[in-house]
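Below is one structure, written out as C-alpha cells; comments come after it.
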Amino acid sequence: MSSSSSQSFIGRCLNSRSFLVGGVITLFLLTCAAVSLFWTPGTIDISIKTRFLPPSADHWFGTDQFGRDVVSMLMTGTQNSITVGVVAVSIGLFAGVALGLLASAQRGWTEELIMRMSDFSFAFPAILSAIMITAILGPGGVNSIIAIGIYNVPVFARLTRGSANAIWAREYVMAARASGKNKFRITIEHVLPNILSILIVQATIQFAIAILAEAALSYLGLGTQPPHPSWGRMLNEAQTLMFLQPMQAVYPGAAIALAVFGLNLLGDGLRDVLDPRLSRKR
Amino acid sequence: MTALALMGLLPENASTTGSVNLDGENLLQKSEAEMCRVRGNKMAMIFQEPMTSLNPVHTVGRQIMEPLRLHKGLSKSSAMQEAIRLLDRVGIPNPAERVSNYPHQLSGGQRQRVMIALALSCSPDVLIADEPTTALDVTIQDQILELIQTLVQEEGMSLVLISHDLGVIAENTDNVIVMYGGTVVESGKTDHIFDQLTHPYTQGLFAAMPKVGMGRGKRLTTIPGTVPDLINLPSGCTFTDRCPLASDICAGNIPPVNQMEGSHLVTCHHLQQAVSARSKGLYE
Amino acid sequence: MSVFLAKRFITLLATLIGASIVIFTVMEILPGDPALVILGVDATESSVAALTKELGLDRPPLERYFDWIGGLLQGELGNSYAYKVPVSELVQGALQITVPLAILSMILSVTIALVIGLYAAANHNKASDVTLMGVSQLGISVPNFWLAVLLILYFAVNLKWFPPGGFPGWDQGFWKCINALILPAVALATVQGAILARITRSSVLEVFREDFVRTARAKGLSQRATLWLHVLRNAMIPVITVMGLQFANLLAGTVVVENVFYLPGLGSTVLKAINNRDTIVVENVVLMLAAMVVITNFVVDILYAVIDPRLKAHDI
Amino acid sequence: MSKTVLKVTDLVRHYPLPKESLFAKPRYVYALNGVSFEIKEGKSFGIVGESGCGKSTLARNVMALEPTDSGSVIIQGEEVVCKSFSELRPLRQHFQMVFQDPYGSLDPHHTVGRIVAEPLAALGKISTEEKNNRVKEVLQSVGLKSTDTEKYPHEFSGGQRQRIAIARALITRPSLIVADEPVSALDVSVQAQVLNLLKDLQDSFGVTYMFISHDLAVVEYLCDEVAVMYLGSIVEKGRTEDLFKSPAHPYTKVLLDAVPKPASGRKRERIRLKGTVTGQTEQRIGCSFQDRCPMAQDRCRRETPSLKKVGPEHLAACHFSQELMKEATA
C-alpha cells in the first residue's frame, strides 16, 4: 500500500492536473507582464479620436472611452497585479512568519500575546480595514498594497504558529534539543524547512486574494490611480458606461478571474507536488 | 488486510479473487447490499485502535444500538435494554450509566470492551479480531483476551484472531496460519506448530522473539534483511531474500505445499533441510 | 461550563474595548477635518472654528473617547456630523438592508455548498466530482463585484427580471424588496458557496478515512447510511468555522457589491462616512461590525460544543 | 566497585492541569513522585511499566529536556537539574537519547550525514573533516554503509532508521544513552537485530543504558538491573535475575504473569488484575496499587509502603513482600 511518495518530483508535477493548468496560466500572465514592459499591440495613451472603436485587427478588443487599446491596457494591468501580489504577500510572509515562529518557539505569554493580537485583527472585516488604512494613508497604489500586506500578516502568523507547533512536538526536535541546539537554531534548521511547503501553498493562495482585494479597492477608487492601468481601475471606469458598453466591464473582470483561477489551481497543485502527505488524494 | 478482505471492506481500487465461504455461501459473489446484511450480523469485527474506532460524537449506547436496530429491527427502547445488557456482559461497571457516555470518557480497555459489545450485538457466527490488544497494556491485554475467550465459548462463535504476537496466538487459538508477504507459509493446529516449527520464517520468527525467562546469556537469533514491501515481491517464494535455505529454485518457482503430521501444512522447497535444522537453529 | 465561557466572555469584552480604542485612534489620525468637509473648502477660519466647537471636536481626545463610550453604554450613539440625524437612525436604515442580504446570501451559499460538497464527496474521483471541483475553483476565482456587474447586465438589463439596483424600502412590500436583494445575494453567495463546497467535500472525505467509519461499515451500514449517520456530523466542524467567518464577512465585507447595486447598506454607510469625515458614524458602525464578528465567533464556539462532545469535557 | 554514571535522587515532576472552574483548586498530573536510582558504568538499567506510569517523563527529566520540580540528576558527577540550556550544552555530549518512533525522530528534510552529526553541536567548533570521519565511523559501527550519508531517512526501513538514531546518539561517545522504547515500533525480526546491536555496542564501547520499555521480555534480555514503575513511583527494583525469579511486589508478579507465552500447552494459572490504571491526577493515602492489588488489606489503605530491602540489591515497596517471595520460592 505504498503511496506516490516514491515518485520523483517532476513525475508528481506532470501528474497533477491542477499544477499543470495553474502553472500554464500563471506562466502566461508572467509572459504578458514581461512583454508589456517593452511592447503592447496598441497604445495606452488617451486619444479622443479613437474612442469606442469596435474590435478589429488593430484593436482586438476595441478601445475604451478614452481611446485606449483594451488589450494593451489588460497586458499592462498584469504588471500591476503581479506587483501587488508579490509585495503584499512578501510583507505578510516576512512579518507573519517571523511572528509565528517566535510565538511557537517561545510559547507562554509571547505566544499568547501574538495570537491574541492576530485574533484581534480578525475582528475587523478585511475590506473595511483596507479601506480605513487607505483612508489614513491616502488613496493610491502603494498604499493599497501596504493595506493588503498588513492584512496578510496575521494570516501567515496564525498558519506558521499552528504548523510550527506541530513540528515542535516531533521527536526529531526533541533529539535536536537533546543535542544542545538552542531554539533559534532548531527553528532555522528543523522547523522552517518542514513548514516551508505549507507556507508556499498559502502564499500562492494569498497572492490570488491580494489580486482580488486590489481590484476591489481600485474599483472603489481607493487603489491604483489613473493613468496607471489596473484591472480594478478599468472596471471602475467601465461601470459608468455599463449599459452602453457592457463589454468594457467584461474584459478586465475576466482577466482578474483568470489570474486568480490560475493561482488557486497552482496552489492546489503545489500542495500535491510539494508534500504528498498533505494532500492525501484530495 | 486479510480481515478487511473477508469483510469486503477493501478500498475501491482493490481487486479480490478466490472465494470466501461463510456457511456455504461465497461472500465475494455477493452484492454490496447483501454484504451489508452479512456484516455486523453474521460476521463481526474488532479493530486494533480502540481510541479511534468509535465515533467520537455519538454515545456508546447509540453505537451499540445501531446494528441491533439495523439487523434485528429492534425498537429504540428494546435496543437500549439490549445495549445495557451487552455492556454488562463485556464487564463494564454501571452499564445503565455508561450507555450515555461518549467514547472519550472511557479508557482504552473500556473502549475495546465496547467494541466487543458492538461486535457481539447480533450474535455473529464469526468474530474477526484484528490485533485487538496491540494498542493496550499487557495487564489490560490479558483481561480483553480472557473476555474474548469466554464470550467465544459461551456464544459458540468462531474466532479469527490476527496478531503479530506469538504468545497471544499460542494461548488463544486452536488453529493457526503463518503469513509472509501475502502468502500462507505454514498452517495447522496451534499446538502442533509450536511443537514443530518448520518453515524457515516461522523458525526465525520464534528465535528472534525475546521470551520472558530465557535469561540474558543467549543471543537473539535474527532473520537478516527486512520485511519486503508488497509492490515488488519475488515471483516464487516470497521469503527467498531472507531465507538461509534459499536456492536457485526458490526465487522463480512457487513452493509446493507439503503435508506434515495431521493438518500441518508447510509451503517450502526445502522441507527436509528445514525439519532437520529445527534442533540446531537455522540462523546461526 | 464556567471556565470556558467566562474566558470567552472576557476575551469578547477585551476585544471590544481594544477595538473601540483602535477605531477611535484611527479616526483621530485620519487626515481631514470634519468641519472643513461639511463647510467646503472656501469656508472662513472662524466659521470652521465655530462648527468645530459646536460639534465638540475641540475638546481633548480622552474626554471625547469616554463621552463616546459613556453614550454607547446608555444606548446613545450621537448625531451624524454630515447629515445632522441620529446615528442610530442611519444604522437602522442600513441594517434593514444588510441583515436580510446577509441572511439570504448565507442560505444560498450553504445550500449550494452542501449539495455540491456532499455530491462531489459521494462521487469521489469520478467525472462529476472533478467537474464540480473545477467549477467551484472557477467560482472562487471570480471577483464578486464583477459577477454582480455581469448579473445586472444579463438578468436586469437583458431579461429585466430584477431591478438593476437600488432598494425600495420595506414599506413598499416584502417581495419587491426580496426581488431587489436577489441579484446581490447571488453575487455574494456564488463565491462563498464555492469555497464552502470545497471545504465540505474535503472535510467529508477526511472523515471517511477515520477508523470509526470502518467500524460503522463493519456493522453493516451501507455507504450512504454511514455518510448520514456517522460522517456528516464530524465533518461539519471545519465547515461551521468557515460558515461563521463568512457570515461575519457578509455583514461588513459587502461594501463593493453594495456599491455596484447602489444599496445603502452598512458597508456603503461606512464608506460614505469615511469620505465625509463623519467620524462618529464610522466609529459606531465599525465597532458594531467588530462586535458582530466577535459574537459570531462566540456562537460558533458554542456550536462546536453542541456538535463535539469531547469539547465539553475539557474546555467548557 | 565501578563508578556511577547516573544518579537520580528524589525526582519529582507534577504537571498542572487546565482549570475546570475559576475557583477550583489547581489540579496536577502526578507524573513522578520522588524517583531515585543509580546506574553503574557499563551496565543496562531497565525501567518497566504500563502507559501513563511516568516512564517517558522520567526519560525527559533525566535528559534535562523539561523543567524538573525538585530532586537531582547527576550524570558523570555533574548536576543537570536547574541548569540553563547553554550551561547544559557542553555536558550533553555525555548523555544522549534514542526515541521510540524511528519515523518521527529523524527530520525528513535532512540527510543521514547531517542527522547523525547533529549532537556534535554540543562539542562546539570542530573541522568538517573530523566531523565526516566521525559520521562514517559511527555509521559503520551500527552496521550501515559510510556511503549512506547523502541519503534521506525515507530511503531506509524502520530498522535501519533506528540504527541511524542509535548512530546519532553514539557520535559524541556518550557515557549514558537513554533509550525510550527503542524497539517497540519495530517488527519482531527487526527488533532482534536492533537489540543485538545495542548489546554489541555496549560490549565494544562500554556505554551505559537507561532502557525504558513496556516489554518485560526485552528488558530481561538486555538489562542488568530493572526498576518497575507504577503511577509515578518505583515499586520494585533489583537485579534482573532476582526480580524475574522472585518478584517482591504484586504488580511485578501480575505483569510477569500477564505476558502470553509462545509455547504449546496453553492455559496458565495466574492472578488477573481488576480495573484499569486509576490515573495520576490524585495523590492518595496508602499504597498507589491498592485498588487493583489482589492482596490489598486495610494496612495498604492507611500506610504508604516505602522501598525496603528484601534481598541483596533488591528493593520493593510492599507491606507483604516477604510473603510474596516465600510463595515464589515454594
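Going in written order, the chains are labelled A, B, C and D, and every chain counts its residues from 1.
By definition in this document, contacts are C-beta pairs under 8 Å (C-beta built on N, C-alpha and C of every residue); 3 or more make two chains touch, one makes a residue touch a chain.
What you see is a predicted model, and the numbers here were worked out from it, not measured in a lab.
Counting steps between touching chains, the shortest path from subunit A to subunit C takes 1.
Common neighbours of subunit C and subunit D under the contact definition above: A, B. The interface with the greater number of C-beta contacts, when B-D is set against A-D, is B-D.
Here the CA centre of subunit B is 30 Å from the CA centre of subunit D. Here the spacing of subunit A and subunit D, counted between their Cα centres, is 50 Å. If each chain is reduced to the centroid of its CA atoms, subunit B and subunit C end up 54 Å from each other. Shown for subunit D are the residues that touch two or more other chains, of which there are none.
Interface residues of subunit C, counted against subunit A in their complex, comprise 11, 15, 18-19, 22, 26, 29-31, 125, 137-138, 140-143, 145-147, 149-150, 152-153, 157, 202, 205-206, 209, 248-249, 251-253, 255-256, 259-260, 267, 270-271, 274, 286, 289-290, 293-294. The touching residues of subunit A, when paired with subunit C in their complex, are 116, 119-120, 122-128, 131-132, 135-136, 138, 208, 212, 215-216, 219-220, 235, 239, 242-243, 246, 249-250, 252-253, 256-258, 260-261, 264-265, 268, 280-282.
Taken in their complex, subunit C has these residues touching subunit B: 210-212, 214-223, 229-230, 233-234, 307-310, 313. By the touch criterion stated above, subunit D contacts subunit A in their complex at residues 60, 63, 65, 85-86, 88-90, 92-93, 96-97, 99-101, 104-110, 115, 118-122, 154, 165, 168. Residue ranges of subunit B in contact with subunit D, taken from their complex: 107, 109-110, 137-143, 145-146, 164-172, 190-192, 194-195, 204-216, 219-223, 226-227.
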